Amino acid sequence: MSEPVLSVRGLKVYYATPDGDVLATDDISFDLERGETLGLVGESGSGKTTATSGILRMVSSPGRIAGGRVTLDGEDMIALSDEEFRKRRWSKLALIPQGAMNSLNPTMKISAQIADVVRTHTGAAPDRARVLELFQMVGLPERIYEMYPHELSGGMKQRVCIAMAVALNPTVIIADEATSALDVVVQRVVAQTLAKVRDALGVSMIMIGHDMGLMAQMVDRIAVMYAGKIVEIAPVADMFARPGHPYSKILIESVPSLTERRPMKITEGITHDPRNPPEGCIFQLRCPHVNDGCTKPQPMRELRPGQTVACHRAEELEGAHV
Amino acid sequence: QNVAREDTVIFDLDRTIKDPDNFNWFTPGTKRMHGAHQTMWEPLFILNYNTGALDPWLATGFEANEDSTEFTLTLRDGVEWSDGEAFNADDVVFTVNMALENEEISSREASTIRAQVASVEKVDDLTVTFALKEPNPRFVVENFGVRIFGSFLIMPEHVWNGEDPATFAFNPPIGTGPYTFTSAATNRAIWDRNDDWWGAKTGFMDLPEPQRVIFLETGGAESRAQLMVTNELDAAQNVGVGTFEAIAAQNPNVIAWHSDYPYAASDPCARQLEINTTVTPWDNPAMRKAVAHIIDRSQIVNVAYEGTTVPSETMFAQYGSMAPFIDAVKEAGYGLPATADVAAGQALIEEAGWTKGGDGIYEKDGQQLSVDIHVNSASTEYTRTIDIVVEQLNRAGIAAKAVPVENGVFWGEVLPFGKYEMSYSWLSCGSVNEPWASMGRYTVSDVVPVGERSPGFNNTARWSGDAAAAYSAIVDQMADLTLGDPEIPGMVAEAYQHLDAEMPFIPLVQAAKLLPMNTTYWTGWPTAENYYNHPFFWWNHTHQIIHNLEKAG
Amino acid sequence: MSDALLDLRDVRKVYGDPDTGLVALNDLSLTIRKDEPEIVTIAGESGSGKSTLANLVLGFTRPTSGQIMFDGTDVGNASAKQMKAYHRQVQAVFQDPFGSYNPFYRVGHVFDMVIRNFKLSSNKTEARQMMEEALNAVGLTGDDVLRKYPHQLSGGQRQRIMMARAYMVKPRLIVADEPVSMVDASLRASILDVMMRLRDEGGISFLYVTHDLSTAYQVGDRILLFYQGTLVEHGKATDVISNPQHPYVQLLIDSVPKPDPTQRWQGEIILPAEEELRTAHSTGCRFVPRCPHAQPACSAALPPAYEVGPRGHRAACILHAPPPQA
Amino acid sequence: MGRIPRKYLINRLITLALTVLIAASMIWVIPRLSPVDPAEIALGRMASGAGAVANAEEILAQLRAQMGIDQPLIVQYFKYLKGALVFDFGLSTATFPTPVSALIAQALPWTLGLMILSLVITFVIGNLLGALMVWDHSPKLAKVAIPAAMVFTSIPPILSGLLLMWIFAAKLRWFPLTGAYGLTVDPGWNWAFVQSVLHHGFLPAMAIVIVTFGFWALGMRGLMITVQGEDYVKLAEAKGLKPRYILYRYMIRNAILPQITAFALKIGLLIAGQVLVERIFAYNGMGKLLYDAILDQDFPVIQGVSYVIILITALSVFIVDLIYPFIDPRIRHEGG
Amino acid sequence: MTSTDHQAEIAADKAARKRAKRMKRFDNPWLNPKLIWGAGLLLAIVALGLIGRMLWNLELVYTGSTPLKLPPLGFENLRKQPGVLDYPLGTDGSGRDILALIIMGAPNSLFVGLLASLIGMSTGIVLGFTAGFVGGRTDDVIRVLSDVMITIPPLLILVVFQSAFGDVSLTMMALLIAGFVWQSPTRLIRAQVLSMKQSGYVQMAQLSGASTTDIMFKEMLPNLIPYLFGSFIASVTTAIVTAVGLEVLGLGPQRIPTLGRTIYEAINAGALIQNLWWWWGIPTLLLATMFIGLLLINLGLDEVSNPRLRKA
């Protein structure tokens, strides 16, 4: 296997709050291979966006990066100065933000917002043709060149963000819930667009979301996050066929089916206070299979080649329903 | 063209020139004070405040008939308007007739002429005769002599003829003075010397030294003080004594009327407390007298004026020219003491049936002895004086309260209609060289009921009764006597006994103005040592001041 | 029609000018019967008029034309007093469970309000019992939640409490506007389960508004699909979803990502330039600009709902027009 | 965007006319609530100069006629409204019979020119400082110094004016003490005059700037905090744009929009607030005119000045409403 | 092993203690230091007024009750007179004691500000709720009215009142100023009411059969409190600045000592050139104190209601 294009080791991002630190992203590690799409899933608040901002070094007060290492293309990102790192942003590491609806400057034309990132990183503003080429790549009509964000629909804005992300041929694109706010039809169009440019440009991608259905459609590997920790990483086929962690199982099984009506899985319990994670397994308060061993630390371990999991009962529970 | 600072004299202007393009002085506004009647328009005579004499200017003299109903004025030969036309009797007759015929021109001088003159006639080019409606020995000084502030100014017939005097703007203006109008904006007016001035040609007087005269709006005491310190101003309007000392400390070239404390020059209008004689309990002369006893004039001088003026001894302005009359009153025993005699005042109040209540205030029939004193809020000098009077009255047992009102309201609604119990005023103002102008303002002929406007703001105290009638009889007699008649001082003293007994108003203090004058560029300013006239440079007699200025160093 | 609980007749809602404004809901007729409680799903993409319908039924807005009858009263013209009485019968659960709580008060406030205003009980212990019972119905206990502030609860708990609140009023109908779209996948099931239990055990009908077809399939008895304010297809949920007949509904169902990496999307769909055909002037089928089967006749008039299957399965598309009778 | 729809324009024009009409009526009514007779006051003022006036009745009658107050109130009112349309407010009572419009014509250019300029400077400085208070990359000093500087906002403008005058004109002599331009320059479009005007205008302008910038700074601070949390600012950062560029183009550009409306709303208040600054610097703008008129109780002038201030405010609100869609592309003219 | 355990324990203990300390500090957002300082400064001014009234001879605010222009204790004036203990803050040009003046004046200025904005706020609440709730014509009328009021200079109204009544009292002045501070709370509340009307909990209340007054006062008003408080403080500042502005113009109450009028008199008497800095400087300092207090409260309130601003 070649060297991963992006490698994250022990990343910790904490938010200070009046009642102590929120361990929003706590000691996560993963690799992103060249040309691969990695899905990062987890329920709302599990720290997906926070992990992204940690990688992009965009954690602002009250948050802070409490530790960890990020290597991009063999370069240690943590060691770079702010100014150096700024130059790496977008040219190597682009972001399709969560909520593209609000991610475009309302008082700037679409074209200008694409142009300014190109100008900043290459020194020259792109000509009209280049911008239109980008529009075409994501299936946007030419007429939006002169338009302002509010004149576009949500799906179009999302695609503008995609166009912007690929403008500089970055090495890695992080798509943070690029489609969750959209209708299914539009979501499908946007997802397809994303897949198309990814394949055309050969970029590596991290796709963040909580919709397992969409993940099944789009990604090569999946990392499951729960309460700031990654609990399982597996190739997408393995993940759906043989999820190793009870939480992964729940995620997969709670996707309602369109083909058969069956009683739904009900999981009870409330996620722990993110400031006070329990000792040992992070999921123990909601896990249906909890036992005494769960209070011991649960390191990630290889279940089978390519599939790692943080559960001491993984083998034992395999095949069991939640 | 530029004129060097050392050839320029800069006077202070304490208000905006609202309408710098209009030189029709018959309509109200600042159409004269910004240099027009100080440099461009000359008066016929100028009253000398030191000697009481009328110095001839555009006129050379006058004669009156026996009963002072007809006056003949002789004009100076060789006077020219700045456009070269001769100034002569036609101009005088034209201008006076204009005032007589046009009731809508409302300036005070025009109204006065209208009230006094029956007709005017030219005798020859340099002689004019006025027929008056009533005898008035003071006709010339009142109308043409710069008695106070201005005089009736003669306008050029050849420019004004055919114009509507109510609306004519008279721009560009011309005059007979040694300066012509150069430019004006709302905050300054510039006048440049006319080297072809008639006075120099005829030998009447040399050309004045300043090549340029500027009247500059300064924007308040602080800025005028700063301008004075930085030599950007040659003569400033009134400042407080502390301010003057601060200026002088920073710029030793700045002087005032007196070289030492109290620095200030006296103003022709002495301050007084007007008492409405129709309102109980102040309709009782004894009560008014009691107030007079209670007031401590020296405290007013010390606090409100910081010692820059003196307590009034009589109703008159204490100029040298008034000395004979003041002395006569004092000799007769009617002069006022500088300090109070509170006990005497309280005795009078108690005699009138009042007794002191628990809170130290007099009471009668369950009523407190109280008084509202109206005061014009336009100046802190006024309000401070009344603050002190109020304090003094309160301490003596009279519940006094000051009621400050705005200038226009004070003069338009309060004073003339008698809508006050007591008020701060300077209504005995008028006499500067003879006593009638002031005394004539309290005669019974001017008494009207409260709520009607008292004619000419005279006797707003509505003083009537036997004493007032006796007083009026003497004063009316005085009215027809020629100026300087030796009978007059005696008559003043005789009339004054009634004033003293009844006190329709209580003289407080002399008014003073502290005008800083800068000797950095110019010397020859009017001062107590160099008393060619008084120093109010916004008056029509400023011609004299400018002629007296000499380049410093 | 005395057996109709809720009866909508040609209900139309236009925002703005009645002639040129935006038709949020186009002449909808719908009946929910008294005798058999059911979950009626209202589905469609964003902006298709689902919430408008919910608000009309709840009396928050009044229809531009048409009538909404509830058990004999005209909801569109109800007085304030009638409205209060009406709300005893019809309750709601909204999309954003957090927004439904006044942040100033403890959770108990939502119950107190109902009890006080509807005079459900004047006795404290009785009231407490009612709350407890309602909370138990959604799997919670009063001690757990009533003294807490809303932000101290999880999203799922908040939404279940809202269900409990609606249930406590013992209404005949609950309008649930996207009750699970802001709740995590893992908690979704429990809320939908509550809905089904309330239907079965409490005899309460639901107007279940959602854009998520899979949950509609799981819990819905009947489904109505909207496109830009018009009803395009309706019928039994299982019928419609497993066998959609309207091109839009087909596209919709095809676009739902399948949670199976081996069954990825086939083919590519293209969205034409968005163009809304929903001013009051618009005629014809609203789906024309995106429809692969569009034909000139589609734009002429709004197609009626043709019968396309058993048990009242109907679709408003001329593809299903019965062949003209000879 | 683009053309302004006719219906919207008409709508806004009606609002404008209505606002001006109501405000103008109020400034007409208010002085008439006062029990004093303006003619008596004018006469009183005439008398206050010398302590007496002859032919009072005659003058009064004339004053009444000239002021138009001898007519029934309703006639006066409509005459006033008619006059206001063409900026004819009658004659000043303090400097009778100067037309009020002439006085305003003299003062207005100074106010419009320099005072508005200083308001604009204040606006710019205030907003910039407000933005810097929030911006992550501002120097530490700015975050302490700016709030401290806002204490000046509590100082009455006259005092700030006097202190500036005292330090910079009297002591340091960097600037002239008073006036709008030098004594030796000729008004006109020549360089010397312009220079002189700027030199003279600096201190009065500063006096206004230092006491009013805090208002804008505080407002901007709040808006910037909101904008700072917006997703588009975060994305801009992720885009690796230069911080300064983000500050101007993404943050200030968006945060400033409500401030522009506020500026239009405040403009009248700010002009009126300058009265004393204009007075101590003998700077003859609208403020000074108003101040003198207040001292003289010259109601026609007060009315005229107030009317012009009202008109300026209403017009600026109107203009901002019209151009707002051009500066904020999100807003579209409604009703078109 | 045990030693590292022990160390870890100590470290954990330390961390816990630190966390506890931090928690305490943040326990109650209202214990914001800015808020406390701000309120403290204002209370100090009130205390100056209250305690001063008991301890100091207030007769000294009358004209001529002290020597003129004495400097504060420890200074000398231009005439080389030293300050005396009887008048520790010096005296003014009319023979009044500056300490007595500020004891009387500072609470007066605060009073005007508080009263004016109290009235303005109440008006704003009533009108804002009415406009937001009733809507339609009523809303239009209120909007036009507030637009009109914004365009009218307060000066004009004050001038007229003074000429009509000769003088204004503090209360009257506060009333007049209130006429100019109600617009912004009105707008703010109207906007809030409009958006709250759409909010879930108001709809829930409607569904729960709550009456309109209940909805306004029980559901909406409590949530407006932070806004109202912030807006109140802002309008107190505006009101004080307006009041002082008018007083400095000489248009305020004539007979009641206020900070603005003291400054007005100082300026009129040429205090600057006479170096009578205490005459204008001490009232200005008090105004600045008041203003800083209000500013701090405002900033503090901002932090309370907007946690993003709180420092970690």
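In this document, chain identifiers A, B, C, D and E correspond to the written order of the chains, with residue numbering beginning at 1 in each.
Note that in this section a contact is a pair of C-beta atoms (placed from the backbone, for glycine too) under 8 Å apart; a residue touches a chain by one contact, two chains touch by 3 or more.
Please read these numbers as outputs of a predicted model, since none were measured by experiment.
Student: Just how many steps, at minimum, does a route from chain B to chain E need if it may pass only between touching chains?
Tutor: The fewest steps needed to get from chain B to chain E is 1.
Student: Counting one step per pair of touching chains, how far is chain E from chain C at the shortest?
Tutor: Counted as steps through touching chains, the separation is 1.
Student: Counting C-beta pairs in contact, which comes out ahead: B-D or A-D?
Tutor: Higher contact count goes to B-D.
Student: Which chain has its C-alpha centroid farthest away from the centroid of chain C?
Tutor: B
Student: I'd like the Å distance between the centres of chain A and chain E, where a centre is the mean of that chain's Cα atoms.
Tutor: 49
Student: Compute the distance, rounded to whole Å, between the mean C-alpha positions of chain A and chain C.
Tutor: Centre separation, chain A to chain C: 32 Å.
Student: For chain D and chain E, let me know how many angstrom lie between their CA-based centres, rounded off.
Tutor: 24
Student: Provide the C-alpha centroid distance between chain C and chain D, rounded to the nearest whole angstrom.
Tutor: 55
Student: I need the residues of chain A touching at least two other chains; which ones are they?
Tutor: none
Student: Identify all positions of chain C at which a residue touches two or more other chains, and write them in rising order.
Tutor: Counting only residues that touch two or more other chains, chain C contributes none.
Student: If a residue has to touch 2 or more other chains to count, which residues of chain B qualify?
Tutor: In chain B, residues 220, 222, 226, 229, 406, 408-409 touch at least two other chains, as defined above.
Student: Can you check the complex and tell me which residues of chain D touch chain B?
Tutor: The contact residues of chain D facing chain B are 36-37, 40-59, 62-63, 92, 94-98, 102-103, 106-107, 162, 165-166, 169-170, 173, 177-180, 183-184, 186-187, 279-284, 288-289, 292, 295-297.
Student: Enumerate the contact residues on chain A facing chain C in the complex.
Tutor: 43-44, 139, 141, 153-156, 183-189, 191-192, 210-214, 216-217, 236-237, 240, 250-252, 254-259, 261-262, 264-268, 270-271
Student: Under the touch definition given earlier, write down the residues of chain D that touch chain A in their complex.
Tutor: The contact residues of chain D facing chain A are 136, 230-232, 234-242, 245, 249-250, 253-254, 257, 327-330.
Student: Which positions of chain E touch chain D when the two form their complex?
Tutor: Touching chain D: residues 144-145, 147-148, 150-157, 159-160, 163-164, 241, 244-245, 248-249, 251, 260, 263, 267, 272-273, 280, 284, 287-288, 290-292, 295, 298-299, 302, 306, 308-309 of chain E.
Student: Which stretch or stretches of chain A touch chain D in the complex?
Tutor: Those residues of chain A that touch chain D are 56, 58, 60, 86-91, 94-95, 97-99, 102-108, 116-117, 120-121, 148, 150-151, 161, 164.
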